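Each structure below appears as structure tokens.
Consider the two complexes below, in which subunit A is the common component and subunit B and subunit C are the respective partners.
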Partner chain A sequence: MLIDNLEMVKDLARGAVLLGTGGGGDPYIGQLLLQQQIREGRFVELIDASELADDALVVSIAGVGAPTVLVEHLQANDVCQRLLDRMERYMGRKVDAIIPVEVGGLNSIIPLALGAQVGLPVINADGMGRAFPHIEMTTFSVYGNTACPMFIENELGDAVTIEKTTTDRKTEDIARVVTGTLGAMVYSSLYPMSGHDVKTKAILGSMSYCLEIGRGIREARINYDDPFEGLLKILDQPENDRHAKILFDGKIIDTKRETRDGLHVATIKMIGIDDPSDVFEIEVQNEYLVATRNGETVCIVPDLIATLDRESAEPVTGEKLKYGQRLKILGLAASPIMRRPECLEVFGPSAFGLSEEFICVEDNKIK
Partner chain B sequence: MQDSFRIGIDVGGTNTDAVLMSERNVVTYTKNKTSENVTAGVVEAMRMVIAKAEIDKNNIHAVMVGTTHFVNAFVQRKELTEVAIVRIGLPMTSGIPPLVDWPEDLRQTLGQHTFMIAGGSYYTGVDYIPLDEAALESAAQEIKKRGLKSVAISAVFSPIRPDLEERAAKIIKSISPDVSITLSYTVGGMGLIERENAAIINATLQHLAKNVVSALQTALEELNLTAQLYFSQNDGTLMSAESAIEFPVMTCSAGPTNSIRGAAFLTNLDDAIVVDVGGTTSDIGVLLKGFPRETIDAFEIGGVRTNFSIPDVLSIALGGGTIVSFDENNTVKLGPESVGFQLTEKSLAFGGDTLTTSDIAILRGSMTLGDASLVKNIDMDKGAQISSAIHNLIANAVDKLKISAEPVPVILVGGGSVLVDSKLSGASEIIKPEHGTVANAIGTAIAQVGGRVKKLYDFGGEDGRDAAIEQAVNEAKANAVAEGALVDSIKVISIEEYPMTHIQTNSVDVRVRVSGELDLSSLRK
Partner chain C sequence: MLIDNLEMVKDLARGAVLLGTGGGGDPYIGQLLLQQQIREGRFVELIDASELADDALVVSIAGVGAPTVLVEHLQANDVCQRLLDRMERYMGRKVDAIIPVEVGGLNSIIPLALGAQVGLPVINADGMGRAFPHIEMTTFSVYGNTACPMFIENELGDAVTIEKTTTDRKTEDIARVVTGTLGAMVYSSLYPMSGHDVKTKAILGSMSYCLEIGRGIREARINYDDPFEGLLKILDQPENDRHAKILFDGKIIDTKRETRDGLHVATIKMIGIDDPSDVFEIEVQNEYLVATRNGETVCIVPDLIATLDRESAEPVTGEKLKYGQRLKILGLAASPIMRRPECLEVFGPSAFGLSEEFICVEDNKIK
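So, the complex of A and B:
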């Protein structure tokens, strides 16, 4: 599929906010990057993993850092290209395709902008199926690939290589320190892997899913009185392992926020539109982690929680939530691969210090 | 001592309201349809309000004008000029040049005069690369050669390093002395794209602003008025005519702001929610310590995303002319269509055939316009049902703007405020002040002089947060004095702090607003 027009870019960005599950960085800057490429006549091809040769060389490109810095620095037009070059020099061969690390937030769009710029295809897949705060929280890592060698660079040309670590969590820790020193917003090429790795370890079809969601919301506003009806037809397809439901329809009555260890930590409290005794809470650590209704867990990481304007179905990021907003909360099942025990160990509830057990969103009592 | 008078004029989309005030008293007021020619309309309003008052013109010391004319010109693409866009940021930012997300017609109007210059700051305030002064000089030569008169300058992290933009302006002025320059840090907040856009919008309006201001000044002379001309800005304070030429975007939300300020003045309340019900829409805003609460979210204007300071106002499609209908389940549907200014032709109470919200107010006896006998056939229960839908719509909008569930006073102003005749849920009380229909003009007339500062401050210094806040307050006060405020009368309106997320730093985005009384001694000079 060729991404060659502004409407597709905006649909992707909208989908990426929903799949960002509250965080992931606002994809707006990514949208502008890709928009500029398209304006200059450079388009990007989204290909399915099945089109890759088993021995193809695939890498990820991702931004690491603070969204508040990103909105000032924007992005230099050659920084990701240099990261691709460094990876190719290290590997001693050309990269065949780019794979997004995460499908939620900013990092879903940055690989597309680079793909358009250098003429490389982007794979319709990713390693998180949503947004996560850490580099090691990928299915690539769980199933044996490593983020290293990870090449990091800022726009000025300060370059760092994390060649080898004992765990990807260690890579994450090093990258955080390096990012702070290099201006709090850097880019990286990481997770070199083969076409075969992608086919067996990645979350397949996630980029077109992102586009489908963004487009679905736009079209549902035109075709349905209630856009959620149209959106749920896309999100809830049990025959395709897609499960989704509206967890709550209410308004925000309180937002407690703080910045703890560089993380945006918050508790969002809501009550029902028609029933103030119906209470809903969302715990946030950059992304939404767990939602409870009247004290009972109804959706928990890695399943996705999304906050949408209750009338327009426009997805809203966690930083924009405030008292009085009317929202519908969606719960989405994570891809089946992400719910396996070995995955839950890396990005399930316990990885975020939560004591609750994982439950599948489709198994909660909400009808 | 003789009385000192002020004239406040609010030029709205539909009406131009004028009020002549002495101290805290409304002497006279007028309400006219807004004319095509804004200057002529303002002059006519002044003439009428003075004639009605029968006072000595020499005792009118200030004329304050609130108008959305400049921003309307941007939305309608009228009288815009080409702009030289100078961005200091390389090697950062090059992947997203200026105007990427602008509508194509505006890109054409502004021309393609973009100059990308090396320089900029980290969030820490440290330069990541020295400012390329040689490149600025050749850009300035090129600007001169192309005959451009308006320049917008932006720089990476200029809210913490305004000197980068100041230095660039100095270099350009040294080569092209007659250009007018907008520095992004003076109009926008954090976020280079939105701030740069604010600067470009401002720059493209400066020529128009200059024409309008000088036409008004000529008009004052022709009316033999010695009064000083002031403009009301988005935050509810005044700026001088000179500043209005420099910062036309700062006037764009004057209408809702002045209603909120006028409502505060008429009720003596400092904290409340203000609902201004017009003919087609209602504007709902928050009065916080006597001033409108502002929003920090980015918004779109004429198809361009930007983030200069505007009041946090929610507009809903409900006014005195809103059409009432019923859906298939017999549920009340309010609007969004309105008969607008044709209320006196189309609505039932005026012999028309369209059921409007005003008809319901007339039915319920809360409005005395029109012919009540023409609406008497409407079932009272149905009327009550519609009225309750109106109240619910307003109550929901009020709730969206509140910051907690705590009930707050609600002030109703504007011609359509009669639609509310009973309790609103979430309101501790409902107040409809006298002269509420011209609250906006009153808000313009009583406005004070403002000063503000919006920068990143380092809380990690020796005296930490307190010292940084004190410095910010002092800078804001100095700005107010420069605009003509009496130094002893200056009060702090608000201090807001926005820590940066995803990052461990002592830098905090601090926004301080202050205001003070107009220094009349300087006006009488």
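So, the complex of A and C:
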């Protein structure tokens, strides 16, 4: 599929906010970068993993840093080009395609902007099926690939390479402290993989799903009185392993937030539109981790929590939430691969220090 | 000069403790590594910078980390070999010689052990003329070379490269946080330079001076009733720009120390052997920074403060100082190049947050 017009980019960015589950960095910056490419006549091809040769060289390109800082950075194009160059020099061969490390947030769009700029296809897949705060939280890593060599660079040209580590968690720890030293926001090329790796380990079809969501919201505003009705027809298709429901309809009465160890940590408290005794809370570590309604867990990582304007169904990022805002909260099932025990170990509740067990969002009591 | 016997190594290590001015990491580990090489018949050539071709490729090899942790690490040989390999791969050519980044502490001996292992000469020069806590505190850096690319590795094989930064201070900051993440102690190859750079920017003759000091102490114990008398004949030669004096003769009554941000931070308090009202203090940041006698500054960085056993004149590292210990404290003039204004800016008192002006140790009131 060729991404060749500005509306597709807006749709992608809208979908990426929803799949960013509160975090992942605001895709708006990526939208501007990609729209600039398209205006200048450089389009980008989104290809299915099945189109890759098994021995193709595929790499990820991603921003790393606190999303509250991320929104202030714009000169990503040159940095990403240099990161691709460094990866190619190290690997001793040309990169054949780019794969987003995460479909949620800024890192879904950055690869498209770079792909358009350098003429490389982007794969219709990713490693997170949403956004996560850590580099090691990918199906790539769970199934044996490593983030290294990971090339890091900022706009000043400061350049660091994490060449090899014993675990991707250590790569994450190093990338985090290096990012802090280099100004809280950097870009990276990482996860060099083969075409075969992508076909067997990635979350397939996630980029076109992102586009489908963004376009679906836009069209639902025209075709339905309540756009959520149209949106849920896309998100909730049990026959296709898609499950979604509205978890809450309310307004924000409190937000506590801080940037801690380079992470955006927050708690969002809401009450029902019609019933102030109906209390809803979301815990945030860059992304939404867990939602409780009247003290009961109704959605938990890696399942997705999304905050949307209750009238327009426009997805809203976590750092934009503010007192008094009226939202509908969606809960979405993660991709089946992400609910496997080996995956839950790396990005399930316990990986974030939560004591709750994972429960499937479709199994909660909310109708 | 060929370093081919165990006594030379002990002499070098003894001199390196004195020139380490309290820090630099205990050379004892380096002594063991180098003695092992020599026992196995691998000697190392110490060559003068003048013997280098102008276009020779010279690199430094150094341990980075808190010296209190440093003493617990032993498997440096393989790590240093890998670091040399990585530098050569990156530069696309063989390294011709190794230069110690600092003549004080462990990092004076590590390059010799590696040189013996791989058959490379080590240059009779360094970049600090003593030990300093930061990577950017070298004459190399002051006069325009950069520490990058800096290759970092630990015994587990975790490998990070600081490829390029806008300042060596930033390289230091990155190396420091990476070191903390990789286990508080790593080795590195850094400061790739030309032979011409070394001839014009290094502190020349410092390694043979280190050997001269270590041997001088050993011989002075035999030839003098008071070994300090013999030692001062080496250290205090005004005609050769060497100045030294005994700053204090006393015992330790208090030591305050902590490891903070990967640095060994301490205050050593002493009183006179015969006069408890005669008070002497040393401030430490890995190395001794400033010595005061009864509140008056008598020696300050980059001039060298050395703590020696008051009977045997054996130099003692800062982390080994303890309550009740009887010491003579020496003050030594830094190499003239290091007292230039552009050098004082990088490793003079203000670079360590001290408000005192630099004063030459030979100009204090102590006779």
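The rule is short, and it goes like this: the second predicted complex is superposed on the first by the 357 of 367 C-alpha atoms of A that agree within 3 Å, B and C clash if a C-alpha of one lies under 4 Å from a C-alpha of the other, contacts with A are read in each partner's own complex, and residues count from 1 in each chain.
We adopt the following convention: a residue touches a chain if its C-beta (ideal position, glycine included) is under 8 Å from a C-beta of that chain, and two chains touch if they have at least 3 such contacts.
This structure is a prediction, so every number in the text was calculated from the model and none was measured.
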**Request:** Look at A:K233 in the shared chain and tell me whether it touches subunit B only, subunit C only, both, or neither; answer first, second, both or neither.
**Result:** neither
**Prompt:** After superposition on the shared chain, which partner residues are touched by A:K256: those of subunit B (first), subunit C (second), both, or neither?
**Reply:** neither
**Request:** Could you say whether A:G180 touches subunit B, subunit C, both of them, or neither, answering first, second, both or neither?
**Result:** both
**Asked** Between subunit B (first) and subunit C (second), which, if any, makes contact with A:R340: first, second, both or neither?
**Response** neither
**Request:** State whether A:K94 touches subunit B only (first), subunit C only (second), both chains, or neither.
**Result:** neither
**Asked** subunit B or subunit C: which reaches more residues on subunit A?
**Response** B
**Request:** Tell me which partner A:K164 touches in the superposition: subunit B (first), subunit C (second), both or neither.
**Result:** second
**Message:** Just checking: does A:L156 make contact with subunit B only, subunit C only, both, or neither of them? Give me first, second, both or neither.
**Reply:** both
**Complete:** In subunit A, both subunit B and subunit C touch residues 156-157, 180
**Request:** Would you pull the subunit C residues touching subunit A in the complex into a rising list?
**Result:** 86, 156-166, 170, 173-174, 177-178, 180-182
**Item:** Touching residues (chain side subunit A, partner subunit B) in the complex
**Value:** 29, 32-33, 35-36, 39, 65-69, 71-79, 113, 155-157, 180, 183-184, 251, 253-254, 259, 261-264, 286, 319-320, 322-326
**Item:** For the subunit B and subunit A complex, residues of the former touching the latter
**Value:** 89-97, 100-101, 122-123, 128-129, 156-157, 190-193, 297, 399-405, 499-505
